[in-house]
Amino acid sequence: MSIDYKAQGYRDLLISLDRGVAVVTINRPKQRNTFGGTLPQELEAVFELLDLDDRVRVVILTADTKAPAFCSGADLSGGWGGLFHVHRDSGGKVSMAIFRCRKITIAAVNGHAVGVGVTGLQLPFDFRFVWAGAKLALPFVRRGIAVEAGASFLLPRLVGHAKATALLLTGGTFSPDSPYLQGLYHDILPTREAVLPTALAFARELAENTSMTSVASTKALLSRGVDSIEGQHLIDSRVLADLARSDDAAEGARAFIERRPVQFKDTLKNLSEHIPWWTSPDTSFRRTKL
Amino acid sequence: MSIDYKAQGYRDLLISLDRGVAVVTINRPKQRNTFGGTLPQELEAVFELLDLDDRVRVVILTADTKAPAFCSGADLSGGWGGLFHVHRDSGGKVSMAIFRCRKITIAAVNGHAVGVGVTGLQLPFDFRFVWAGAKLALPFVRRGIAVEAGASFLLPRLVGHAKATALLLTGGTFSPDSPYLQGLYHDILPTREAVLPTALAFARELAENTSMTSVASTKALLSRGVDSIEGQHLIDSRVLADLARSDDAAEGARAFIERRPVQFKDTLKNLSEHIPWWTSPDTSFRRTKL
Amino acid sequence: MSIDYKAQGYRDLLISLDRGVAVVTINRPKQRNTFGGTLPQELEAVFELLDLDDRVRVVILTADTKAPAFCSGADLSGGWGGLFHVHRDSGGKVSMAIFRCRKITIAAVNGHAVGVGVTGLQLPFDFRFVWAGAKLALPFVRRGIAVEAGASFLLPRLVGHAKATALLLTGGTFSPDSPYLQGLYHDILPTREAVLPTALAFARELAENTSMTSVASTKALLSRGVDSIEGQHLIDSRVLADLARSDDAAEGARAFIERRPVQFKDTLKNLSEHIPWWTSPDTSFRRTKL
């Protein structure tokens, strides 16, 4: 399946796709790249499409550098009431779409980030590249609200509760080299301009040399693990037994033995039939009492 | 609700309260600040009261520095049998009272700590400040017992299983700069005397600038998270929708726009009605068969 | 219970036992210590026996250094199909046997490691010692398969999801000092030859000074924890109440008071009757439809 991104008519996003790597650019410089306008809906939609597009192996989210911020968070001019008046947090919807995307996902944080610009637009990704000068603000407890976008699920998983608590309960602004962020960023770059090219080079190498089904299976095993090694063993055994019979597995072994680059061709239609093994709550909005 | 701490008649604790910050001081220097006497019961009781006291935004636990130890652990003169002869570990009861406290909690570890002085009196806190010279001993496996006070739950969550296992299975004594403790302490201070003032300054800033309902909501989301991003999204969406309509949220947004300090006034009676969303086992002691 | 390891007739393993420390040596230098031949079955079997052997307090896994690799992973000459054609991943069976072993377990990684040589033969251990020059490769996504041996359960628990994702989705080869491995290795040694002696000295000290029941109880509390502090408190209280009445607890307290070395004698027959408190899926292979 291939998607025509132009036909989607996105207003706040630019999409490009080249050799397996899609780049999604937040394009609201006049609004300081705030998480407003149609950005939330477009992000949710595009990550669902990128997940389905067989040409896409890696997705990078970055921002137009005409604004100083990668994402300056919610627009507070109307207060919080206008932002969280519905049952379903829009930051969380974006988080879930990114978290569920079965391709490799990378946040290329080439500017400052505030609130949802740190939570929803960074934590659900597989990798985060960041500018060393970025100010990363998590001011929720200083603004009278609480952390959103599933970050209370994602952040402790990524770096443990000690760091997650320090980051969220201080409501502070952090530099990428803060000890409380240790381990969160895959790479820290000296200039804003270096972030996207570095992420792109990393993405291209992965797009060329990794199997789409291997990636999706590994992501599923990591993100939807069960709570005992025995349970996980039952799952990973079945997924591996399916994968081992795939064309990509045969190609992976052959290329290794012949000491040549791989040429993986399987797409997600070749994914193990044992995926998904999990169920999760239905988060669709219904106009009935919760 | 305001509490009269003097009226509680604590023998092993001193309590002070000033501008939103409560300081609880372990006051058993003649007993080397052992975890004995009435200390366990008093700690459990006072953290339950501090949770309810509307004047309290931050709680610090520290120790009288006339003893060399912050807490020298259990008094072993009667063997272990006298300490764990009942169904419910007293260290665990203290741990739970601290863990459940909905205010920001800080351990100001201004001396050595042994056993429960590390587990029950440090791990359930949101933040830990420590003297660089503190000896931190976890000798359980070298004394014929096992780790207590819920630490087998808390420690892996805080720093991961690799470090938790290293700390507990060696039964070693560690310095705060040990790699096995990396990430556990928010700050490491050069002198015993610097620990409490540093923690106090940190606490005062948080007491002045954070919302009590935001803090309690964030702590609940972090400590009682569910096991899928979808489930967490359903919960954080509801909590945020409630908070966004609160006076503190309105004040937070206004203060931000007006570039002035916040004046939060909400107390826990204004907490989202969707908290608590969890149930947990009843740990009250009953004289019936377990 | 004592085991006669010679009588087991292992072909790919050497077993030695001295003063409470068992050393299991992978002995397939001609096959570059691949995870093949009878090695998987023998590893699974021996860890089940070491668990039961009352003489064994600590187990070390290491490799014959005539091969350059600690374990060079699966033998890919027959492709992946021959390796994962059954319901139950053999790497996962080994992982589970090690993870379930109630003694202290140490991987002494004195050479390079690939695939299952990192996952199954390192992650289920309590401690990992490694040669600084070891190349540690996790190439699953570059070979068309997914991570196995329960590593998708073990690795995020050990070091968090940020590092686990970086290690597994890049499919990279890492040095022990990689930031993505930070915290995973207990010690990093400058030469291959230093790894086993360092691990042995560490093991002997633990074998002499730790209680077998304390170790097994602590491992159970860490590896089979429940998802609330209240639930964990109910469990650790019961385990501690049993342990506190044990001979090892009495000895531990006496030795401490008399300031002399401990002489622990309890074996796993003295373990708390409240262990195990968990149930886990049956992973035995049955010739019925899954």
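Chains here go by letter, A, B and C, matching the order in which they are written, and residues are numbered from 1 within each.
Following the convention adopted for this analysis, a residue touches a chain if its C-beta (ideal position, glycine included) is under 8 Å from a C-beta of that chain, and two chains touch if they have at least 3 such contacts.
Everything numeric in this text was worked out from a predicted model, so none of it was measured.
If you sketch which chains touch which, every chain touches every other chain without exception. In the contact between chain A and chain B, the residue numbers used by both copies make up under half of all numbers at that interface.
Chain B has its Cα centroid 33 Å from the Cα centroid of chain A.
Shared interface positions of chain A, i.e. residues touching 2 or more other chains, are given as 160, 227.
Listing the residues of chain B that touch chain A in their complex gives 104, 126-127, 157-160, 183-184, 186, 206, 209-211, 213-215, 217-219, 221-222, 225-234, 236-241, 243-254, 256-257, 262, 264, 266. Every residue of chain B that touches chain C in the complex is listed here, in rising order: 76-77, 79-81, 83-89, 92-93, 95-96, 99, 124, 140-150, 152-154, 156, 160-166, 168-171, 179, 182, 224, 227, 278, 280-283, 290.
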